[in-house]
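In this document, chain identifiers A, B, C and D correspond to the written order of the chains, with residue numbering beginning at 1 in each.
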Amino acid sequence: MTKLLEVKNLHTRFKVRNGYLYAVNGVSFTLDKGEMLGVVGESGCGKSVSMMSLIRLLPPAAQITEGEVLLEGQDLAKASASEINTVRGSKVGMIFQDPMTSLNPFMKIGAQLCEGIMYHKKMSRAEAMKQAAKYLDLVGISNSEHRLHEYPHQLSGGMRQRVMIAMALLGEPELVIADEPTTALDVTIQAQIVELVKELREKLNMSIIWITHDLSLLAGMVDRIMVMYGGSVVEEAPIDEIYKNPRHPYTIGLLKSIPSINTVAGSRLPSIAGAPPNLFVEPQSCPFAPRCAYRQERCTREIPPLEPVADDSAHPKHRIACWVDVTKVNAEPKEGSVL
Amino acid sequence: MGRYILFRLLKWIPSVFILLLLIYALVFFGAGDPIKLIFLQAPGDVAYDPDRVEAIRDAAGLNRPFLVQFIDYLGNIAHGNFGNSLVSGRSVNSMISAALPVTLKIGLTAIFLLSIIGIILGVIAALNQNKLLDNLIVGFALIVWGIPVFVAGPLIIVFLVLVMDMDVPYGWSGLFSFKVIVPLLVLGLNPMALIIRQARAGVLEVLSEDYVRTARAKGIPNYQVVVKHIMRPVLTPVVSQIGLLVIATLNNSILIEKVFGLPGLGRLTETAIKTSDYPVILAIVLIFSTVVMASNLLVDISYPMLDPRAAAKKTGDE
Amino acid sequence: MTDNTLELQQEEKQFSLAKDAFDRLIANKLALVGMLLVVFLFFIAIFGPYITPYDFLSQDLMARNQAPSWAHWFGTDDLGRDIMSRVIYGARTAVIVAFSTTFLSLIIGIFMGSLGGYFGGKVDGFIVWLIDITMSVPSLLLVIVINVSMKPRLVNWMDEQFLLTGNEFYRNTILVDFVLVFGSLALIKWPKAARIIRGQIMSVRNKNYVLAAEAIGVPTTKIVMKYVIPNSIGPIIVYISAALGEAMVFESSFSFLGVGVRPPIPSWGNMISDGLRVWQLYPHILAAPAAVLALVTIAFSFLGDGLNDALNPRQWK
Amino acid sequence: MKKDLFKVLVLGLAVLGLTPLQSGQASAEGGQVLNIAHPVLQQNWSPLQGGGHSARWQSLSWAAPMYFDKDGKLTPYVLSSVESDDSYVNWTLHVNPDAVWSDGSKITAKDVVGTWNLSARPATKHARVNLFLGGVDGFNDVVVGKAKDMTGLTITDDATIAVKLASADPIFDQKIATALIAPVKISQAEDESGNEKADWWMPQNGVVVSGPFMPETMDLDQGILTLVPNPNFFGPKPKLEKIVLTTVADASTATLMLKRGTMDAHTELITPTIIQDLGADFLGGPALAKGQQFWINAKKPPMDDINVRKALIMSINPEELALAAFPDGPFTVASQILNKVPGVDPDFKKYPYDPEGAKAALAASKYKDAGRLPKIMFVGISTPTHEAAAQYIAEQWRKILGIQGIEMKPAIETYSGPDQKSVQIFRDDVGTRVPDAVSYLMGSIYSKSGNARNKLGGYENAKIDAMLEEASVKGVKDPDRIKLAQEAQRLFREDWVYIPYYYDVMSKWAMPWVQNFDKNDDWQVIEPWNVTIDEAKRP
């Protein structure tokens, strides 16, 4: 497989009233062509910001301070605004979280779908409309010709998300970044959308980065999972490995908090105690340390690097940012730790 | 739509009636006697003679009871006749028909032009939030907001004449002449400040909307994002201000038309009030409120066109 | 149910909400500047006459039209009066004018708005119609007409009352200027306040907790006290702040047209219109009052924006 | 994208800025154009109004029956001669045989009589007709609408008019020497029912005039009039090529235009800094038989007590009042009513400036102290000058007498309605058009004068009336005429009903390059045909 994307040591921060918010602190990963990567983490862990940083789709207060984003060798982190524009919407498509607000209520669906390809592919309006209708069909919207002339408020939430997906695919991108695309939808529709994406992926053979806070959603969908915490990647492994052999204490916590069929009715779901990290200071130690049940003295002094798991029982592509081997150490319940 | 407009008009007629009655009563019972004024306004030894004034009033039909005169007046209005000025004897219709276009042309152009400039400046300010350009624009809007037009007008004239060594921009020779641009700007400055603020706030609000991010994600150039996705929603609240702007502009026209020698309604108002010439005052009140009503109606009608969601609500689509 | 609990929480939070709003206001630098200026204005308006360097009326015909100096910071006017003292006294005029207009319009607005909101139906339709008429009236024109027509009668009546009763009150016809002129302004400005109140009552009326409260026989006054007033206070404060600034500009417009506060009582408006006549030669006579008026207008606009941000629940994200 | 927006903005402004610079200023080839700024939007330019600002330019287009020249000599104009019998009751007027309208037709006796009758009828609203024709037999019936024509006016033949006065008036010939009753072509001005036709005076309606200039265009809505020489004018040939009169209501704008030479003259411009702005020459001029006073309405409390009036008057220092109002001139401080006319009283006792006396007088009044005085209201405070004066007066009263409740209103108009009686003090001028002390006082302190009725609130002193009536029938050369007038004025002084203010000059209100612009007592240019412009001095 060929490498599509390589991210090296990405740092993004936000200017806030009295300083900075360090949202992404040294994220590195790669993505192959046709691969589907799941990015998991709780809200505010920097998963969205780091993925948005890839195509620099950030609010004005944000700024990429360090790192490289190599998309087929082109460094997007240093690309000019117009260069970025040629990437957005053509090489990289985006699907956003809330289809209710992500579509412009003042514009007809057709116009919104077309404007990207009209610009990138220098299509005429008519051609673009034709193309758009084709893609609407593709994402399973019936009566697509007619829909093109409707406003977003005339569509249901699921339909709107399908429109969003069509919009992302229209530019025939090599990479689609889906930022929690199902979070705002009903469960049934959620499932439909997931199925749709799977289907489309096979049909179109593109790479997908699927951002979610819901680890369970990714099962059976993605190839690889990357777990983020406090602005950095804490664990990364092929999907089965993560479910079977989680190594980072945070991942373990996340997995435990997923309800399963075995969960006793009425019992409280386990949750990770403590508060998300304070990102107003640049982290100097493991960001999870304050909440970690396996915390060691070293954890509060240094940032653990993301490295392949040392022992042989793990998958060769399994990497974690932790010094502790959880398989060997017993958790000492610490104040504010798991369970 | 037609029915809606008709309904609005029907609602408007009684309000105009009340307004006219109120003003008529105010002027009739309260304000000075225009006939007496003819004699008293001329300085010095005028031939003021109460008997003679009564004779003149009788001749002009001004000594009839209030209601008789008012009903007579309404009858005339119903026939589209505003009567004659009590001071000059000229037909009010001809006075109004000469003055109204001037004020309308200048006022509407001012509103239109400065709304556009205001929106553009507001958008520029918002896109450069908290940067130098933003501060300059916002500062400009604030200063303009703080200076009343009747101060700004003379200041600008003196600046043009004494500093730029230009002729006094005075009088009227059609909308497209240099001397009309200056009062146009003065007239529009205040409303423009309002629009700048409104547009800036609107853009800031829209900028944080998800759909703007969606648009950016499409990789279209920034100006397309601004024009198609940001400006459009900002227009709606700005357009809803237009009724207010019309009132402000009409008020301002009373204050500055005199300064620039514009032969519009504002100058006519000033003259009519000074001479208690109530046929003229009443006609102006009627015209002013018609203009305001019409602009309000226009705003209401254009609202659904600007915001498809409003259209949906109106037709019960949702 | 959820509504109810939410509301209860909200009520508990009432105090802290006000404090939050205040904190937000203070945090906004421009609003803070605006507020300080406004507070300063009120201070000047109350204590101004005691701290002016000169009597605002006393003339010195030997020192006319003097440029600013250490003796006269803002210079002197065409009768040799100290402009600074007049500007300071003018603050009192401005505040009285602004307050009489604003609060009169507020009273009318609250009355009309609650009438419409409370009774609904035809009464409400009438009130809305009244609001529509009022909003379409060319404000400056109507106020001028009221002013030139009613004032002489009222002044005359007060004169007669003074002769009959000897009551000092009737001699002070400056009151007529304030009450009638700016009262008539209130006749035009009330719809905004009425809309706020009406909107609040309308929305509160349809809330489940109010229906429930009504159903169990909570008296209307209590409902009003508990739900309507707290919800309306924010927008009303914003309204007041905007209206105060607006009224001051209106006052100057009236003075410019010769119907506002008359000399020798100084108002910024009549000082500006005096200054406009001579400013090519003596710009300082215009500069001081015009600058102060602009400053105060801007201050109110800062404060209004700040209050809006701080109190407008829509933006409590 | 910012750049793009800016481009649009700049382009838009540039388009606006490049639109042709049109100049509204009319300029005729070769000849001289006089540009006049007019302060009010005048909608009525009928010569039959007898007042208003438009009347200031009446002599441009309308030839007066007779006129006073620069030296005050009565000069024939439309009328070639006027004579009376010894009783001063019967007068004979002869129409100048050369006098013609601008269309070349003759001015006839019928025009003169018709004009005068029309002017006297109430619907015409002539503001001053009774000052000139009030003595004609039958005038009083016409003026209140009881009759159409004055019985005292008869047309003897095409060129002769016989006038019968109700009572003797030795100066009738001087009274009619004014353009305010200049004859108009009666067939144009009067409709069948004897009313003035609407807009007959507009060039669009083919008006014919008798004066040196005839209206070419009249745009009443814009407020712009243009006048060109009357080719058939029966007097000397006018020297100006054109006169353009533009409404410039704003005084500062007008000042700037005059400074730049966009305008050459103004109808009446008063600003506090006018001397500094436009030079002393602009406002200067010969003394005028006209005085500005603050007239006190003695019927309105607290003025009903003479001691209050004394106190108020004695608190005013006339020199300081002048300093407050017009520090740079050109007016002179007033004391008595009469000025400039023969018969000014050399022994008139000025009202003293006496603060202590004033305090004592107030204490002696029935009000005792300032706290019990009703509010005092000034009106006619219509110009910055008058406002300054009124504020000075108010301040003196506050300082010396402790009076607080003082109000001043810009114009008489607001109070001319039902509430005139609420006013205690009117600022206004009185004067005379004829150099005669009696007519001066008849127009100011005689109980039937407009001034006594209005400004003095119905002032009536039987003794003064009797004296003036007696004086008015005496011949102009009779020394008793003046003596009685002076006597009446002294009596008037003892009533303490006015605060002396200033004597007017006939301001030129024209820039230095406008020449031969002398004006008469009606504020009209005496010899419009002689007006020229010194182009070299114009900026």
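Quick notes on this one:
Following the convention adopted for this analysis, a contact is a pair of C-beta atoms (placed from the backbone, for glycine too) under 8 Å apart; a residue touches a chain by one contact, two chains touch by 3 or more.
Being a predicted model, the structure only gives us computed values, none of them experimental.
Using CA-based centroids throughout, the chain positioned farthest away from chain A is D. In this view the innermost chain, defined by its CA centroid being closest to the centroid of all protein CA atoms, is B.
With each centre defined as the average position of its C-alpha atoms, the distance from chain C to chain D rounds to 44 Å. We define each chain's centre as the mean of its Cα atoms; on that basis chain A and chain D are separated by 89 Å.
Inter-chain spacing, taken between the CA centroids of chain A and chain C, is 53 Å. Centroids of chain B and chain C (each the mean of its C-alpha atoms) stand 23 Å apart. Touching two or more other chains at once are residues 252, 256, 411, 414-415, 417 of chain D. Along chain C, residues 148, 152-153, 276, 279-280 each make contact with two or more other chains. Pairs of chains meeting the touch criterion are A-B, B-C, B-D, C-D. The touching residues of chain A, when paired with chain B in their complex, are 55, 57, 59-60, 81-82, 84-90, 93-94, 96-98, 101-107, 111-112, 115-116, 119-120, 151, 153-154, 164, 167-168, 171.
Within the complex formed with chain B, the chain D residues making contact are 1-2, 4-5, 8-9, 12, 16-17, 19-24, 40-44, 49-52, 55, 122-123, 125-131, 134, 143-145, 198-199, 220-224, 246-250, 252-253, 256-257, 260, 262, 290, 411-417, 428-432, 443-444, 449-451, 453-454.
The part of chain B that touches chain A in the complex is made up of residues 129, 208-211, 213-222, 224, 228-229, 232-233, 306-309, 312, 317-318.
Remark: chain B residues 30-33, 35-52, 54-56, 58-60, 84-85, 87-90, 94-95, 98-99, 113, 116-117, 120, 123-124, 127-128, 154, 157-158, 161-162, 167-168, 170-174, 176-179, 181, 221-223, 226, 258-261, 263, 267-268, 270-271, 274-276 touch chain D in the complex. Contact residues of chain B toward chain C in the complex are 11, 15, 18-19, 23, 26-27, 29-32, 142-143, 145-148, 150-151, 154, 158, 162, 197, 243, 247, 250-251, 254-255, 269-270, 273, 276, 281, 284-285, 288-289, 292-293, 296.
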